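Several structures are given next for inspection.
Each of the next two complexes has subunit A plus one more chain, namely subunit B in the first and subunit C in the second.
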Partner chain A sequence: MTRIRFHRSLDDLKEKLLVMAGLAEQAIQRAIEAYRVRDLSICDLVSRSEMAINRLEREIDQAALDLLAMEQPMAIDLRFILAVIKINADLERVGDGAKSISDRVRTMDNMAIADLPVDIPRMASLASNMVRKALQAFIEADAEMAQSVLSLDDAVDSMNRAAHVSLANVMATQCHLAPQALNALMVCRSLERVADHATNIAEDVIFWVKGADVRHKGSVDADVAGSLEAPVSRHAN
Partner chain B sequence: MTRIRFHRSLDDLKEKLLVMAGLAEQAIQRAIEAYRVRDLSICDLVSRSEMAINRLEREIDQAALDLLAMEQPMAIDLRFILAVIKINADLERVGDGAKSISDRVRTMDNMAIADLPVDIPRMASLASNMVRKALQAFIEADAEMAQSVLSLDDAVDSMNRAAHVSLANVMATQCHLAPQALNALMVCRSLERVADHATNIAEDVIFWVKGADVRHKGSVDADVAGSLEAPVSRHAN
Partner chain C sequence: MGVGIEVTNLNAWYGTNHTLQDINLPVPANHATALIGPSGCGKSTFVRCLNRMHETNPVARVTGSVRIGDQDIYADASPVEVRRRVGMVFQRPNPFPTMSIYDNVCSGLKLNGFRNRKMLDEVVERSLRQSALWDEVKDDLKKKSGASLSGGQQQRMCIARALAVDPEVLLMDEPASALDPVSTSKIEDLIFELKSQYTIVIVTHNMQQAARVAEKTGFFLNGRLVEFDSTHKIFTNPSDKRTEDYITGRFG
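Let's turn to the complex of A and B:
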């Protein structure tokens, strides 16, 4: 494989991962819309997305493995491919989160509507925003933007904690609303996990981008230094 | 690096992963013991384990990356190292699960003891057993044993679903027990996730072991075939 063909393959891999990210983000948005308007037909769409996401995860994993096996890439390219493998796994779990939320919506079907002390659409939009920003950081190889995702996670965590306290309080004081409160609590927890996956993705972006600078640090082992002298690739800019 | 030194490094990597697995398994057992006897001093041990697990996760990741960068291993060795990277991430999340459970124990400290319709120690022992078996399959490169872990996951899933139904019922009918029931439900969910991680590990073992056979299949691309002719390593036996 020529260097040019190799770089085209890396671009294809990146392209596939972006499709995967789009599917995962859309799945979360659909799941929250299904929750908001209680529409089971949207839940069906989420289930179908999840299957597509699982298929694409395997495809990306295989493409990454093939590149590692055929090309034995060095330094920045190696780190890029490893980051893709990790981000891929996190996106698949974002899809799982969407599926969990839509499963909750199905169980809500026969419950009365309750006014609960929690703003799930807002929490969902924060979590989705983190996924989007982490992927943006990946596209632009921007470690600073990835860093900003890490701080957003605190906001989602504290929303989740607050929701947990207020919904547990509803359960303890208004028994008849316990099923709805429990459902809302589980949805919050799924969203908090989506935010965790966005955080993992951001950390992987930092790991990958920082790899471009690692050879400038004094701590690099002499043995490794040689393999880190590969030219910085196009996709790292 | 000579071939012998390379194999020694692979063994070191495997050894580190087994230490990681031991820590993760111990963390789950301690968290459940803390839950069972409501002992906050055990929760402190779990928190300390979690920090050790996180440190070791980074160390293993770096060692795996160094091996990939320095050795550009092929075929079975490449798949082995990738499996280590993935299993490592799952073990770290098992540690997170233990931490979540011990956080629950802390919130239980001021709650009255309640007799709940759920057997958490049994569910914990099933989930731990899955982690142990998945690691055993890894040590012995035994795809069949890994396959048996996958079927155990169904048992944990159905225990979790049953616990969810019965605990939600407690919440809806005995308001004063809602806090305890909610805590138990969250612990079940954490255990169900531990079982999911054991399942992921088992799948990674299958992926790695099956790699040893991939060249016997007709579907291998001619380009890849060369790189798959590396001798099957000692650690794959």
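Let's turn to the complex of A and C:
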């Protein structure tokens, strides 16, 4: 074994990313809990987590940049560092998603609790499970597990579309519930994006482990086929 | 123009030491092909087999076939003929110290009996331009000895000397390992320029250098060719775990 210091630095980078992953996962769970019980003190915790996530994002990017510049990594090491940089950005967005949900909770503080036709806790559970599974695949360098995350995204997308229809109907027919319905819609949108970020993380794990780029499979194929319809990306911007 | 090289079932020995074992490798024409691997893996022996230099050692032996273009160099050609078609640049620049820059560059031609002054002038200028040295030495061609140049300039002069006999293949055995980063960059730029006209095979320990200059890369280990593929594939996602372990420093 040579380059011991370099490989130790890669381990440190992975550990740091896992700390950030833990914070992001916790932030999204807390944000949903805050929504469920309308507790602003939990929103404060989410804000603190989000700040810690942002700080870690900068540290991880810097550490990755240093390794690229100083160590000239190759093959699986190069793919690992590229994957870390991208997963880092996705986790930061997951943190943003949690913050966005907690902001909705603050907005709803003075509103009456409404019984809306949308199962946000279930959608949150699906999105959180995707994040957890994608990160587990990262921890275990398991491309098959990462692959299984990709198919879960369809269920969250489908719930988000159904929520749009039912909440739009609430806004049209029960105007007094429109503010609550609008906030619920935005929470659904945030969760759908969290699921997209989990998908991105899973794709990055596959790239790291297998060297295969599985992104945009559907949309790129459609583009190549010269489809007249604009391809719809499954990913968050 | 460069020609392709087809190596088939190549084996080489130093005495009883079987240094190359069943090498099969197609070197594409007008491309740079890099050979990497740990010290003693056989990559230098391999390039020495491509111009029949291996057999200059009395205890050395070669079997198998090396076709350069249409010619099997072990069956259809003399060593002298082969070395006219296949130029070689070594790790350390090896100028003839008592000769001027001019005489260094055209020494191969003179050895082959060329005496036409005008033609020699043209070849020297063309070769020095090709090796990106002309502008630095054109005023001192016959005044300065080759040994008075800097290490990087000497190496480019040796490249010019190899090019002067108009080879089709250029073998480079760690051509920049004794040079500073600026001279190394000049040699790499040169390889990039020259591969449109010559087939280049470069042995290097510097993997970034292989990645920068070569389209194809072969990884040697213990006398065997473990993997040969596009340089991009070798350095981003090699097929063989031994290649990956070597290039990521997990080997040894």
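Keep in mind that, in the parts below, the second predicted complex is superposed on the first by the 209 of 237 C-alpha atoms of A that agree within 3 Å, B and C clash if a C-alpha of one lies under 4 Å from a C-alpha of the other, contacts with A are read in each partner's own complex, and residues count from 1 in each chain.
As a working rule, a residue touches a chain if its C-beta (ideal position, glycine included) is under 8 Å from a C-beta of that chain, and two chains touch if they have at least 3 such contacts.
These numbers were taken from a predicted model, which means no experiment stands behind them.
In the superposed model, A:171 makes contact with subunit B only, not with subunit C.
In the superposition on chain A, contact is made by A:6 with subunit C only, not with subunit B. In the superposed model, A:78 makes contact with both subunit B and subunit C. In the superposed model, A:68 lies in contact with subunit B only, and not with subunit C.
One of subunit B and subunit C touches more residues of subunit A, and that partner is B. Note: residues 1, 72, 74-75, 78-79 of subunit A belong to the subunit B contact set and to the subunit C contact set alike, using the contact criterion stated above. Residues 1-3, 6-7, 72-79, 211 of subunit A are the ones touching subunit C in the complex. Interface residues of subunit B, counted against subunit A in their complex, comprise 1, 65-66, 68-70, 72, 74-75, 78-79, 82, 85-86, 89, 168, 171-176, 178-179, 182, 185, 189, 221, 223-224, 227-228.
Residues 207-208, 235-238, 243-244, 247-252 of subunit C are the ones touching subunit A in the complex.
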